[in-house]
Amino acid sequence: MFIQNAWYVACSLAELEALAPKPLARTICNHKMVFFRGPDGIPAAIEDFCPHRGAPLSLGKVCEGKLICGYHGLAMGHQGKALSMPGQRVTGFPAVQAYAAVERYGFLWVWPGDQTVADVAQLPSYDFLDHPDWAYGGGMYHVEADYRLMIDNLMDLTHETYVHANSIGQREIDEAPSTTSVEGDQVILQRHMKGINAPPFWQMAMTAHGLDPQARVDRWQICRFTPPSHVMINVGVALEGHGGFDAPLECKASGVVVDFITPETERSHWYHWGMARQFKPGDTVLTQKIREGQAKIFSEDLEILELQQANIERWPDRRLLMLNIDSGGVKSRRLISKYMAHEKS
Amino acid sequence: MFIQNAWYVACSLAELEALAPKPLARTICNHKMVFFRGPDGIPAAIEDFCPHRGAPLSLGKVCEGKLICGYHGLAMGHQGKALSMPGQRVTGFPAVQAYAAVERYGFLWVWPGDQTVADVAQLPSYDFLDHPDWAYGGGMYHVEADYRLMIDNLMDLTHETYVHANSIGQREIDEAPSTTSVEGDQVILQRHMKGINAPPFWQMAMTAHGLDPQARVDRWQICRFTPPSHVMINVGVALEGHGGFDAPLECKASGVVVDFITPETERSHWYHWGMARQFKPGDTVLTQKIREGQAKIFSEDLEILELQQANIERWPDRRLLMLNIDSGGVKSRRLISKYMAHEKS
Amino acid sequence: MFIQNAWYVACSLAELEALAPKPLARTICNHKMVFFRGPDGIPAAIEDFCPHRGAPLSLGKVCEGKLICGYHGLAMGHQGKALSMPGQRVTGFPAVQAYAAVERYGFLWVWPGDQTVADVAQLPSYDFLDHPDWAYGGGMYHVEADYRLMIDNLMDLTHETYVHANSIGQREIDEAPSTTSVEGDQVILQRHMKGINAPPFWQMAMTAHGLDPQARVDRWQICRFTPPSHVMINVGVALEGHGGFDAPLECKASGVVVDFITPETERSHWYHWGMARQFKPGDTVLTQKIREGQAKIFSEDLEILELQQANIERWPDRRLLMLNIDSGGVKSRRLISKYMAHEKS
């Protein structure tokens, strides 16, 4: 159900630092992992299982780049090997699986699948996440639903009118036609709404950016899915008639909704969400305000998705409809399936 | 385990109104349903599954008699058909099951089984629930137990001495013989206790009715089971020697304990309980007081039944005893089985 | 997974008295039992199942040595037989299983297996638990883990350095060699540390005993496992060079850590822990202080064991290591297996 040979976001670096010197435990694509910083601070991901008596290594503590089991003090290295243990020779101890782990863009990325093909060059490139002209704020939710339901959700924003009626939803989303295309390994769904009033969230952003929130605007949503499960959405509003997405910076409030969707199991996932914006990057109060707005919006999705998951499990034989508005999700799932078939062959 | 072709209480109309414009979700006899008011306010019950993407329709809102899915705005009608959706033609959308639903006596009734034989004429007749000389108050509990354990409970009131020792229980219940009879589709268990002291609940009722609560009374319990799972219990006390159940209104405090027992699954049910009384019908404070007394009493049953259910599941092969005091439940279950066999044939 | 023909601690007598006149319900080795005091106060253990309608007998009350079912008043005797019921002849009622039960050392002991071989002479002998020169304090935890993981834990105290770093752990435990021996039906693991500083818990005990807590000490741990699952641990510190365990009373602070480990199911157990000490037996404040210290220490074990259990269930095919430090647990498990094989033959 998920691609194994790919980079997934395991956690934000902030999560990792907050726990230190404790490591962080998390299941990724059915692999029960523990994350910590090894020698010289390099990120490490190994199985959360002490080869001595099976205790979770995540109960332990990191000491000088080694993960010390909290039960009897076995020291595990970042490559999953037993390094030492009081009063024991550990040469013959079985190793546990180590996973390739890299930090980038404020996140720890992990490759859960075949380690012999783990390739840093395949890490996705999102330069705006590192760029000084951009600001980023985000958070994470654990969602009891198939991660593909989240992809469906994000690749079809007509739901905003219903699920997020009080923030970003507006009837014009339903009314504006969308186009879906596949470009290489990217599924792109876009919708452009012209000459409309901005919904509450964007009115707030326009005000923050010094634009009249009551002005008529052109609004856009450009959703880009890339395997294994990342969705970047260019969103924004520009004063009417200035070119929409292509309008000059001073006429628009815009950003990228960042969605890293990491499967935990077949029926649950970690949803790392956030927004990168190109205006007022130094305004941390605004960053916090947007984060709070997003947290509320995505909690509405979370509620829907968990109940949708339960309903689908209740009626496992029912086929769902695949309408034109669903084509973004449909094409994304098709790409996932293609990758998975490739992995098996 | 339950009769499907019958009318069950789905919810009280008050529950439905309290949620509007949201609909009400409830599983009845293993059917996951959503209830709402369709065109002109007619009650509607359909499967709680949006044919578009499987979200529960109960997340949505009712608008002009249509149930609008909370995910992408598909409008479902009271007959389970897709009526409209922004930007879509819904002609080919699969329908979901609709269930016959009728309102009566302050409740919404639903027929979960074969819809071609749903017959309003089969609704039970309880005229006292509509009569101006009577008052009614009640509530609802969700019980994690086979609904038949509740029928057993109500068709054998000797448990009152033990389970409800502080309210309606008294030793004389154990001592008075009961008789059980079957009249057509009704199982009737009765017990008459003569010349006793009224227990606390009935002393309260006597006081409310202007009778001396310390007076010796004749007390009766007449339990009537009718399929699929309704139990009406005539209960009351009359001043000693005035004819008991048949005593004139001014000499007695009496009523009907109303029990609509609606299976949710094989091991859980919705218990709609209440009391209709023939005295002081306009005294809403008294109605509230009786409701609170019943709420406490039935919560004692709930605790027993859930633990009994767990115990029976723990020892599935043990046969339970069927004593004379159990004959009300035994005969009721037999009637249920007869109906179920008939449904299958 | 557990020996059935043996005496287990079911509960402390204090637990039993605290509930009276309600009985106590507890599952022991997969037997769902209810405990109460029968005629003349003799301890009784019977199946927690009313033969009438299957309600748990533990919902009832004890009256004159009989357990009265809380549903319909069936009176059960301490031998599992129905004694009476209002309006019924109970001669033909099926009995429920009765279990041999004895009180000793402040606990109620039960024999869950074959009742025909239950033998009071096989009760273990722990005279210090009754001796006026000793004081005892303890408590009980419910642990969601195979009871053998607790035996492993107690028969290898090198974990103290890691799990109980702030109380009884110290690096010298890891460094001192231990010896394991089997003497008849007893597995003995001992470790003696010479000329060390006492860890915080023992400094407190030394102070209470009038010894200089900063003095260098000899420390010992002598763990004794006996089937089915009892672990007694002689622990203490003596002023350096006075003979350690054999030092005169005035030179040492010592005691016995008492561990009665009673399986509930294959994956959970009741852990009765406590400490008997030979100094200041009349000091109830000290008893309470030690109990609180132990409660915290054993809660640290509980957390580890439950996560270890979950981890082992997650990787059921992985074999755990059996190092020299694990030999106490390994030999104890071997003894348990020998007994179990004997029971089956």
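First chain written, first letter: the chains are A, B and C, and each begins at residue 1.
By definition in this document, a residue touches a chain if its C-beta (ideal position, glycine included) is under 8 Å from a C-beta of that chain, and two chains touch if they have at least 3 such contacts.
What you are looking at is a predicted structure, and each value in this text was computed from that prediction instead of being measured.
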Shared interface numbering between chain C and chain A [over half = same, under half = different]: different
Turn needed to bring chain A onto chain B - CA fit, degrees, nearest 5: 120
Between chain C and chain A, distance of the C-alpha-averaged centres to the nearest whole Å: 48
Touching two or more other chains - residues of chain B: none
Interface residues, chain C side, partner chain B - complex: 32, 48-49, 51-56, 59-60, 68-73, 86-88, 93-94
Of chain B, residues touching chain C in the complex: 152, 156, 158-159, 161-163, 171, 174-175, 177, 303-304, 307-308, 310-312, 314-315, 318, 320-321, 323-326
